[in-house]
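A single structure is presented below for examination.
All chains are identified by letter, namely A, B, C, D and E, in their written order; residue positions are counted from 1 within each chain.
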Amino acid sequence: MNGWILAATVELGGGGAAALWGVTTGPVARRVVAQNLTTAALCPALLLLAQGYGRPAYVDLALLLALLGPVGTLVFARLLHEDLEGRRPSAWGLTYAVAGVGAVVVIVVCAATGPGRAMVKLLVIGALLIGGNLIASRALSGGFQGVRGG
Amino acid sequence: MSRRLRLWLLAVGGAGLAALLAAACLDLPGFGGRAHPYGTRAVRASLARHTANTVASVNFDQRAYDTLGEMSILFAAVLGCVVLLRQARDEHRERPRPAEVARPVRRYALLVVPVALVCGLYVIAHGQLSPGGGFQGGVVAATALHLLYLGADYRALERVRPLGTFETVDALSVCAYLVLGLAGVLAATAFLANTLLPYGTFDTLSSGGTVPLLNAAVGIEVASAVVVLLANFLDQAVEIEEGNGG
Amino acid sequence: MTGVLNLVALLLVAGAATAAVAQRDPARQALVLSVLGVLLAVLFTVLQAPDVGLSQLAVGAALTPLLIMLSVRKIRRRGRGRDGAR
Amino acid sequence: MSALMQVLPYLVAAYVFLTGCYGLATSRNLIHAVGCLSVCQVSTYILLLAVGYRSGGTAPVFSDIKPGSRPVVDPVVQALTLTDIVVGATVTALLLALVLQIVKRHGTLDPDELRELRG
Amino acid sequence: MDRRTTPRAVLLAAGELLAWWAALALLWLVLITTVDTLERVVGASAAAAGALLARAGRRAVRWR
């Protein structure tokens, strides 16, 4: 119907299928990375959907995903760190690529929104998304060294 | 019953159920149809009472009694968890060793905890205007607190989380919901009827009569319930050990 | 166009649900369940239910995985304590 | 395509329910069974929201659109689903607490071994 | 006089709280769409709660 929804469909189909494949196969280390990248792949899709439906109120979903997605990854990084020890899961190339896609989507949606409070909100979401994603990747690749009992 | 027999029984029952479900699906009104009689009436009632978010209006005004039931299920489930996970006589507590978390992760946690709390409060407060409400915002606000466990260690979380207070607040907010309902009776209408307060200006924080108040009560209840719930699980997973201790 | 979007979201959710059942190890299942939670939130947005999507996001992205992983940790720790005592 | 789309969401809901049931019945780990039960719950959410959907409709939230300017989907089913998701999470927690108690009392996570214990 | 009640420590604590409060109140203003008095009051109290939690969290993590 419009380009925004088409872009969201592509992002959802590609990112969702890749994340699903990554999280169901392979060693635990790779599955955790895929779980982390789910957030980064689907949050831009939510932003595109909000723009495509013409409903600024839907942006709250992207805000919460950008906040809580990294928290979910930290849960696994913390409570699975014994399984992850030895082979540090890191896919920095992929992480930066997905973060770049997120940044591009945020900038394009910002340009479509025009200056104002809504644009600042989008920028806050972008900062939370990319920052959270990088920190979660950092946590997976050895953020919890000395966690034993706690 | 052997494992094989059980699988066969499951296959037969599953096939029967699948056939029935498929037949039922084919008889349902088509996906995306135009006729939604209840929806149309709910939207009209919500607009008449100046509530911008119809879903919140259904939850806290038109079907507020139902939400009272949901709240009591939530309360009972948390109560059950507290009883099941309490420290038994043959168990003791052991202080977990402090964790060493990488500095960027710790700083991220410290920065995001207040941001997530404010976002949770925003979702609760704007429940009757934009998507959101007490149920969602309460979970977000409670999850925010647990970033302190994930980004630092359990002792840091315990310092900022007075568990007794959260248990009391949980009970008090359930009472607040009931009292707001009874206030409707005292105002000579009906239990949980939205006739107590003026409906206010459409699309502002004070619109919708008692909807924002009930919404806030649910938000506080859900937030403290989740905190109490996770506290019990964390105690079990981190502190409580078997045996009476040395 | 919206029909294709609905189709993609529904198929992804069906796939994630199958995967969540097929993972027999609780920790790996928790990983799939958290992805399923986020995919469901997107499906609910596509079905024009942002309130429900928010609810699913709040619960599915962090709370359910945390509960399951804490239970797994408790059971693993208990097993370790048993082995140590023996 | 459109004839299939008329029933596909309901069929997906039924499929998810049956898959969850299969996982529940064949599970050898109680925590895994609790996860499968939450998959079963998901099917009810999909079914309810699919019943309430309306083609071309938008969310019945009027903070950013004018009332009556666009067709809206059914808010009643959304309200039902919304509360159940959060309440369902606490019920999952209650089940996990029961599992932890079972492990403490019987020392096993396998439902088959539990039956043998009782005799 | 305790170390935590010296004028310098009190000033530092007040500064930290105020900085967090200002930042979070700004965040609230970004999140909302229409601004009125009640909105400002609710936003200010939410930001105050956030600021208190931020300071409590930072102190809890630094002690150990």
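In the analysis below, a residue touches a chain if its C-beta (ideal position, glycine included) is under 8 Å from a C-beta of that chain, and two chains touch if they have at least 3 such contacts.
Being a predicted model, the structure only gives us computed values, none of them experimental.
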- Which chains make contact with chain B and with chain D at once? A, C
- Query: Within the chain touch network, how many edges lie on the shortest path between chain C and chain E?
  - Reply: 2
- Of every pair of chains, which is linked by the largest number of C-beta contacts? B-D
- Counting only C-alpha atoms to place each centre, which chain is farthest from chain C? E
- Task: Please compute the C-alpha centroid of chain B, do the same for chain C, then give the distance between them in whole Å.
- Result: 17
- Message: Taking the mean of the CA coordinates per chain, how far is chain C from chain D in Å?
- Response: 11
- Gap in Å, rounded to a whole number, between the CA centres of chain E and chain D: 39
- Message: Could you work out how far the Cα centre of chain A sits from that of chain D, in whole Å?
- Response: 24
- Among the residues of chain B, which ones contact at least 2 other chains? 53, 55, 98, 115, 119, 123, 126, 130-133, 135-136, 139-140, 143, 146, 151, 153, 155, 203, 226, 229, 233, 236, 238, 242
- Query: Got the chain A residues that touch at least 2 other chains?
  - Reply: 53, 55-58, 60-61, 63-64, 68, 71, 75
- Message: If I count partner chains per residue in chain D, which residues reach a count of at least 2?
- Response: 5, 8-9, 22, 50, 52-55, 58-59, 61, 63-64, 72-73, 78-79, 82, 85-86, 89, 93, 96, 100, 104
- By the touch definition up top, name every chain pair that qualifies. A-B, A-C, A-D, A-E, B-C, B-D, B-E, C-D
- Task: Enumerate the contact residues on chain A facing chain C in the complex.
- Result: 1-2, 5-6, 8-9, 12-13, 16-17, 19-20, 23-24, 28, 31-32, 34-35, 38-39, 42, 45-46, 49, 53, 55, 57-58, 60-61, 64-65, 68-69, 71-72, 75-76, 79-80, 83
- Message: Per the contact definition, I'd like the list of chain C residues that touch chain B in the complex.
- Response: 50-51, 53-55, 57-59, 62-63, 66-67, 70-71, 73-74, 77-78, 81, 85
- Item | Touching residues on chain D, where the partner in the complex is chain B | 5-11, 13-14, 17-18, 21-22, 25-26, 50-55, 59-64, 67, 71-76, 78-79, 82-87, 89-91, 93-94, 96-98, 100-101, 104, 112
- Task: Could you please specify the touching residues of chain A with respect to chain D in the complex?
- Result: 53-58
- Query: Which residues of chain B touch chain E in their complex?
  - Reply: 98, 106, 110, 113-115, 117-119, 121-122, 125-126, 130, 145, 148, 151-153, 155-157, 159-160, 203-206
